[in-house]
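All chains are identified by letter, namely A, B, C, D, E and F, in their written order; residue positions are counted from 1 within each chain.
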Amino acid sequence: MRTIWVINPNTTEAMTATIEQCARAVIAPGTTVTGVTSEIGPASIESHYDEAMAVPGLLRAIARGEAEGVDGYVIACFGDPGLDAARELAAGPVLGIAEAAMHTASHLGRGFSVVTTLARTMGRAWDLANHYGMQRFCRGVHACDIPVLNLETDPDARKVITEACRDAIEEDGSDVVVLGCAGMASMCAPISAELGVPVVDGVTAATLTVQSLITMGLGTSKRLEFAAPPPKDYTTGG
Amino acid sequence: MRTIWVINPNTTEAMTATIEQCARAVIAPGTTVTGVTSEIGPASIESHYDEAMAVPGLLRAIARGEAEGVDGYVIACFGDPGLDAARELAAGPVLGIAEAAMHTASHLGRGFSVVTTLARTMGRAWDLANHYGMQRFCRGVHACDIPVLNLETDPDARKVITEACRDAIEEDGSDVVVLGCAGMASMCAPISAELGVPVVDGVTAATLTVQSLITMGLGTSKRLEFAAPPPKDYTTGG
Amino acid sequence: MRTIWVINPNTTEAMTATIEQCARAVIAPGTTVTGVTSEIGPASIESHYDEAMAVPGLLRAIARGEAEGVDGYVIACFGDPGLDAARELAAGPVLGIAEAAMHTASHLGRGFSVVTTLARTMGRAWDLANHYGMQRFCRGVHACDIPVLNLETDPDARKVITEACRDAIEEDGSDVVVLGCAGMASMCAPISAELGVPVVDGVTAATLTVQSLITMGLGTSKRLEFAAPPPKDYTTGG
Amino acid sequence: MRTIWVINPNTTEAMTATIEQCARAVIAPGTTVTGVTSEIGPASIESHYDEAMAVPGLLRAIARGEAEGVDGYVIACFGDPGLDAARELAAGPVLGIAEAAMHTASHLGRGFSVVTTLARTMGRAWDLANHYGMQRFCRGVHACDIPVLNLETDPDARKVITEACRDAIEEDGSDVVVLGCAGMASMCAPISAELGVPVVDGVTAATLTVQSLITMGLGTSKRLEFAAPPPKDYTTGG
Amino acid sequence: MRTIWVINPNTTEAMTATIEQCARAVIAPGTTVTGVTSEIGPASIESHYDEAMAVPGLLRAIARGEAEGVDGYVIACFGDPGLDAARELAAGPVLGIAEAAMHTASHLGRGFSVVTTLARTMGRAWDLANHYGMQRFCRGVHACDIPVLNLETDPDARKVITEACRDAIEEDGSDVVVLGCAGMASMCAPISAELGVPVVDGVTAATLTVQSLITMGLGTSKRLEFAAPPPKDYTTGG
Amino acid sequence: MRTIWVINPNTTEAMTATIEQCARAVIAPGTTVTGVTSEIGPASIESHYDEAMAVPGLLRAIARGEAEGVDGYVIACFGDPGLDAARELAAGPVLGIAEAAMHTASHLGRGFSVVTTLARTMGRAWDLANHYGMQRFCRGVHACDIPVLNLETDPDARKVITEACRDAIEEDGSDVVVLGCAGMASMCAPISAELGVPVVDGVTAATLTVQSLITMGLGTSKRLEFAAPPPKDYTTGG
């Protein structure tokens, strides 16, 4: 039995539960998916500051996973925080959900629109699109202006996001939608049904990509840049 | 039970058998993989001309698959011939093996080297890297100068290819290898073991990507460019 | 006397006649231009599928031209189908009309707008702009929503296309127009007169470029990628 | 009197002293430069993991600086860790030393070579070059294979680095050198004298850039992405 | 005492006075800034032709400065005319104001909008953004349609420009403004105050950048391309 | 009878004679080609300074041509000096020889190598490749280290250049050569014969491109950027 950890790098356990459920819904027999909540960091990630402060907790979770023999990891925040560092720590594959969602969307059409939460996170989405070589496919990044933690409580959330997606594909001339937050993972199917275009959620996409990599026996190359970090003295905060 | 067809767009059945075997080795329960040999076209694909002449046979196979309710397709030639047209025909997802291999390799390190068969096909590999946004990760394309149909018969093939891979990662400063021909699919594991870096085969990568897309209920967007082609009068050759 | 074949890769002879007429109007003494209609394939090219299915007929025409000692070729469809394969077959130069039109337009201003037929073909135009390095000059691709075969029969065609061109240069801030279909070749002069900007037709641009290359004694390099394709067993369709 | 903090995001105070000295040597009257050592994090930064773990300490230092009314900041590590987050926290300008060095070098010639410490950090330097739009000027990134903390103790360090610079400009055809580590700040002048090309150190470049921005009354835009991060519950590590 | 010449490459002395005043307002003790008016060329620069005709006068000024031992130069026209040639002539650093403004703006936010004078100069601004690697940050170039020489006489100039800036940041989703003409140098502060975003003037930015380079002992590399031009026979105009 | 002026922007008449001869050898009946020597400027162009100083003489020649009703122009220096300004002045088309050569070469193979005169001009060739969108095709720029004015007098020139071309295509993996100086125009045929790859000369390529544009009735768009320059007071040098 292989094990994948889907790590929620914010500390909100309700969100982890949703994420875990979405990931489990797609996994094949022979693999276990566990949602893991970061133990230190912000309650939600909506700024570069939040993202930076979430990374140590995320890395601690991965270090724990390595000790337990976990086979692969998903970083379940659309900013893909700490991805390069996590790849140094882990023996197996690690995927970010923005990475997985964008790559997946590129297989499905001419170009995709990203619909994310707050407008201030749009820049990060563009940076990631560039970093992954997906700028050619990323036709627009749009905000629905719903804070991450309201995604589940705001009764209008799905409707607002659906409309944002509809506007996005019109404005961008795109034919695929990427949902830009782990907290939107459960909205894929209904939005796709309503809009008639593929809608990609990064949590499921990343979980399945990690599963595929494990199946092929592939993990991060340890040849040079992503080899285990050299041992070092660390001063911990007081 | 879901069905994926892995279509060999050349007419050499022995090659289809190898491809099918590699694809089957990684598939999850609940999905059937069938290797399909194109009925018209060249015995192997080693030029733009071969590629162009292979496409009608490939598209005929996909049309047949659609009639039989096939859920997704892999185009098992590293030039990804006919991919856009195939996406118009098919309701479900279609992946090329270069596409899948390059995307997969981008998750595993800083940059990959492609090792392909004849030097004249290197340009096509670069074109595809650009087309998929993978030029950032593709650090070099190298030829081993073994014709496609000799890959299984030449007793030195694996050794020559292994050395070409070793030289490529040194020269390119890369940390991942992509094998640039469907006929090399079975060589991944031994080459990876010998060189100590991840080695990606497109046949397995594409098969697993298609499997994942089917699991997520995702196929090519039919919103605009990849909608079913408009009906048209065709004059067939005499 | 040198000979250029302008090949219409669809099977509609009326369209070939228009194309031939446009090409002949610009050719210099000492060169003959002949319009050639593909013998197999679709009646018009409006999808990736049509394009793929048109290529074998196009290549057969080029093979015939080589046997007859033709000096150069134009592929008269704005998707430039089969261009790389044609270059392998031909000893002399081969140009696509999108290629020629985009390069020509880049000499005339800051940036051009492409006005093509159906919206589903816009993606292909962008792919070609990228492939030829012309994305810097290509400011927009626009559809007039007139099917190829209606270009000559629809009495409003020229008016609709003129308005599409006018909107395109306004919206894109461009200063040159490229007409994105061989069937529009005869509309250049009146649209240019009406809009006051250069309007480029690919058929004439490609014919003159081929004529120039022949004059300079230049043809496709046979050094590596575009050498004659290696002989191969072909299975023909039943 | 204006104040600039040059923050060493590793915890090695000896390195801070060198950095502070270099920064002070160039500052104009009317501005005070203070070297600040991060209180939590790694002793040196030589991996993505080190970098990620250094960020919270860096951000804590900036928060403290804001409370004290500091006018601008330099992040004195060539990976520019935490730059985006720091820009959210600070009212005034924040520069990374890789950012400042690369921009500075772009004013001085056709292209620069970066010479950094360990080979595993080369990828990060390339990422930053891309991020800052400097890939056009960055002709190569080279490692001297001296660990950060040995830069001051290894008696051969300067000689080894000088030779690495000499090889780099030859190999890259470059005409400017960028030193890729804050710990090399004091080596600029002698290496430049020996090689006869401009050699750029990021610590002085960033300090002077921050000084210039303060003089012009310019700081990070607070319009959208880099506005102060929204308040949030944080769980701190145990 | 170090000396910087800020050269106005048009022949309008009133404009030089404004430029000099702006540059002097930011310079540190120990450096003198002198505004220099080109002695030959156009009264203002609003076309490629004007720019080309301004360059010999600019270069003559630089040659004179070299004879007088000037330490560095600013080319105070947003087209950065003659920059490469000036770098060959000068021993010390030379900056263009578009170059300096764009680099400076890139340190302050996600992306900037340029607001320039006449629409016909927008293409040049884009060319420079590409040339400096700043296309990633340059989100839009906008014209206020006020001729250069009316900037000081038109009583509505500042209001019109302010509105153009406001529209630009809305339309582009940018968070920083770059003023695209040396004649706008004095408008930075009030426009920034009104719009609440950083507004960058190239004259001050370039002056401070040159001052910083001189402080660091850095000038244009003389290794290859920018070495002193080889002596040559020149035929002067009659 | 249409007239094309091929302007040599240096003042060396012997070079104009060679250029004119090459241009005349390819022109079609109905067009006259005249070589024109610039009356002011440097004897040869081997630096940015030379190039800048050559532009006013070039523009004066074009103004004279316009007065005489010339139909199109070639700027016969591989740095394409003054091209944008010339396009503002001329009613008909204007081509640079680097522009024409690079575009022409892109039709002939996978990628070209440029072989130019002095190493210090290599940067300009790269800038032009980027400017024209040809960086994708330009695989390398190489210097033969023969000064422009020695090309005709140095008895070894052709041999040295031939060897530089041979090395370039090997090193770059290219399949086409571009000769990077108007003074090499007559060497195309023998070098191509010796190396077996297409060798492109910009003088003939540009002349034929201008001839084609005239035939199609196409000239520079006067819609915005390249409209006639606004009238202006000019101070002429004393």
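Some points to look at:
The definition used in the following text is that a residue touches a chain if its C-beta (ideal position, glycine included) is under 8 Å from a C-beta of that chain, and two chains touch if they have at least 3 such contacts.
For reference, the UniProt names are A, B, C, D, E, F = Hydantoin racemase.
This one's a predicted model, so the numbers in the text were calculated from it and none came from an experiment.
When the CA atoms of chain A are superposed on chain E, the rotation angle comes to 120 degrees, reported as a multiple of 5. Matching E-F against the pairs in B-C, A-B or D-E identifies B-C as its interface repeat (over half of contact pairs the same by residue number). Chain geometry summary: the mean Cα position of chain D and that of chain F are 44 Å apart. Distance from the chain C centre to the chain F centre is 27 Å, each centre being the mean of its Cα atoms. Multi-chain contact residues, meaning those touching two or more other chains, occur in chain F at positions 110, 123, 130, 136, 224-226. Interface residues of chain B, counted against chain A in their complex, comprise 26, 28-30, 93, 95, 99, 103-104, 106-110, 132-137, 169, 173, 175-176, 188-189, 192, 196-198, 200-201, 204-205, 208-209, 211-213, 215-226. Those residues of chain A that touch chain D in the shared complex are 11, 39-44, 46-53, 55-57, 59-60, 82, 84-85, 87-89, 119-124, 127, 130-131, 147, 224-227, 229-230, 232-238.
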